[in-house]
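Across the two complexes that follow, chain A remains constant while its partner is chain B and subsequently chain C.
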Partner chain A sequence: MVKVYSIHNCPWCDKVKKYLKSKNVEFAEHNIEDNSADADACYKLTGDTAVPVITADDKEYVLGFDKAKLDVLLGL
Partner chain B sequence: MGIYDFTVKTNKGEEKSLADYKGKVLLIVNTASKCGFTPQFKELQDLYMEYKDKGLEILGFPCNQFAGQEPGTNSEVQEFCRLNYGVTFQIFEKGDVRGETAQPLFKYLTQEKKFEGFDKSHPIAAKLTEALQANFPEYLEGDGIKWNFTKFLIDREGNVIKRFEPTTNPSDIKADIEALL
Partner chain C sequence: MATDKKHLHKDIVIIGAGMAGLTAALYAGRMNLDVLVLENGIVGGQIANATGIENYPGFAKISGKELIGALQEQAERFGAAIDEFDTIESVTLKAAPKIVETEEHVYEADVVIIASGMNRRKLPLPEEAKFAGKGVHYCELCDGHMYQDKAIAVMGGGNAAVDAANFLTKYAKKLYLIHRSEFRADEVSQKRLRENPKAEILLQTEITALRGDKRMERVEILDKKTGAKREIAIDGLFVNIGVVPNTELFKKELALADGGRIVAGEDCRTDIPGVFAAGDVREKEIRQLTTAAADGTTAALLAEQYLVKLKEGHQEW
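Up next is the complex of A and B:
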């Protein structure tokens, strides 16, 4: 399952979610502001606290709303 | 009325009296959004890491009254946001910092330390002045906050010692901080 790490009031997170929905990609949202375990996992993955972070395998990820990179990551 | 008489709200909505910071050196800053190109956040965090054990506290007050983050940085659009603004110092509730609706703390600070002009040698000074003239010409009048990242330095007794405009980088005020620690 694709994961989207996000925070509240984050327009780029909203754009990523909307884009994934438009491509019929199923994903689980993990709000790192609400859940510190998710925050730790996101930090472990990226070494930073910037979001949105999108990952399918908890290894490769895309930071930010970058359609081209998302397409490659998710094979869209 | 002194700095320790003010009460503000944290970003979690809790009341916080500035009297809780008695004995600390304070840097009070109006900050921008967590989703923009805002290099001063990083420099403020660096200052905080360097001096927090010696008694420095940085208090950030986010504000939406300024249209952009930093003028002239459109080419470096950043399409992400940071958890807690990417900093570990205290961020307070979003609110106004200038005009009639300004938080009382900022009315006080700008009365204590007046606007003395931008540092014209700073790379954003010209663009900032241009942006203000184009979008908010009235902001250039008087002593109100001109833009994001205006910084007020407070000594351990609560005296407002100095005001730094957005055209002074946080890394350039180390000597002023050290003098008070």
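Up next is the complex of A and C:
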């Protein structure tokens, strides 16, 4: 399952989620404002203090809305 | 030009879905024109990141997300189509019809309204690339939360910077506002920041270097009055030092002013018939949400007049 690390008020997170929906990609949203374990996992994955972060395998990830990279990551 | 792309004709293609572009789309939609809005970034543009807008008439305070969301819905209700995923690759404005080529389509349009707005200026220091996302940020809404109880700095002295600083005080243990000259922000926002006990304002101060190992940990600052340099511990730096016009796609065909904005009068007409420039991307003295909405209105109404004459065989401009 694709994971999207996000926060509540984040236009780029909204854009990523909208894009995944437009491509019929199922994903689970992990809101790092609501869940500190998700926040830790997100930071551990990227070392970055930024969202959105998208991953399919908890190893490779895309930070931000980058359509070309997302298409490669998710095989779209 | 790729042959497998779908070719479509539109009365108007609007480039950019900020306040100017969406207002033009609303007016064009209400005039029953076939209008498409293309957005390479986020719908709303710069305003999507605004946490509290207090100078848009009719609203005591509204977030950028709410204001733009309502405007987008309004434009779509009157028939405007908005595509934020089909990236624009090239634009040919002097052709008739005009050509806007995206990843998936070749759009032919009788009118193009350019409302592509501005992008935030990047921090002009060599360490920027190393620390981008690792201490250096450009989206307070997206990334501010990561700095709960940390030391945050905002670089810049305009309205956007001071509003960002006010917003970030809700996370910060300590908030520095660092600006190389004097404030340009309005008095209300300045006063709010000055009265916040977490805030320390360093004017006439330049950030000269960023330090850290894997993440940014400190910034070196220069007091321009005394010439003294020192380092302060900062976990997150939010850069808000102005904007650059988003005109890369048009610079070969359109006249640009010194700062890179498109030359067009208050009627938004550029020097190419059928091409309008609206909002912050147009060279003008005052760039506010209200003037962007006004430009969008003007461009759409004059575009409709142009289209009527064009269909009658007169290309008057």
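Brief remarks on what is shown
We adopt the following convention: the second predicted complex is superposed on the first by the 76 of 76 C-alpha atoms of A that agree within 3 Å, B and C clash if a C-alpha of one lies under 4 Å from a C-alpha of the other, contacts with A are read in each partner's own complex, and residues count from 1 in each chain.
Assume a contact is a pair of C-beta atoms (placed from the backbone, for glycine too) under 8 Å apart; a residue touches a chain by one contact, two chains touch by 3 or more.
These numbers come from a predicted model, not from an experiment.
Of the two partner chains, both chain B and chain C are touched by A:Thr49.
By the document's definition of touching, both partners, chain B and chain C, reach A:Cys10.
Contact with chain B, but none with chain C, is seen for A:Asp66 once the two complexes are overlaid on the shared chain. In the superposed model, A:Phe27 lies in contact with neither chain B nor chain C.
After overlaying the two complexes on the shared chain, residue contacts for A:Tyr19 are found with chain C alone; chain B is out of touch.
If you count the residues of chain A touched by chain B and by chain C, you find the higher number for C. Overlaid on A, the two complexes show chain B and chain C touching the same residues of chain A, namely 7, 9-13, 32-33, 48-52, 63, 65.
The touching residues of chain A, counted against chain C in their complex, run 7, 9-15, 18-19, 22, 32-33, 46-52, 63, 65, 67.
Contact residues of chain C toward chain A in the complex are 42-44, 48-49, 51, 63, 65, 84-85, 87, 133-135, 137, 139, 141-143, 145-147, 214-215, 236.
Only residues 34-35, 78-84, 86 of chain B touch chain A when the two sit together in their complex. The residues of chain A lying in touch with chain B in their complex are 7, 9-13, 32-33, 39, 48-52, 63-66.
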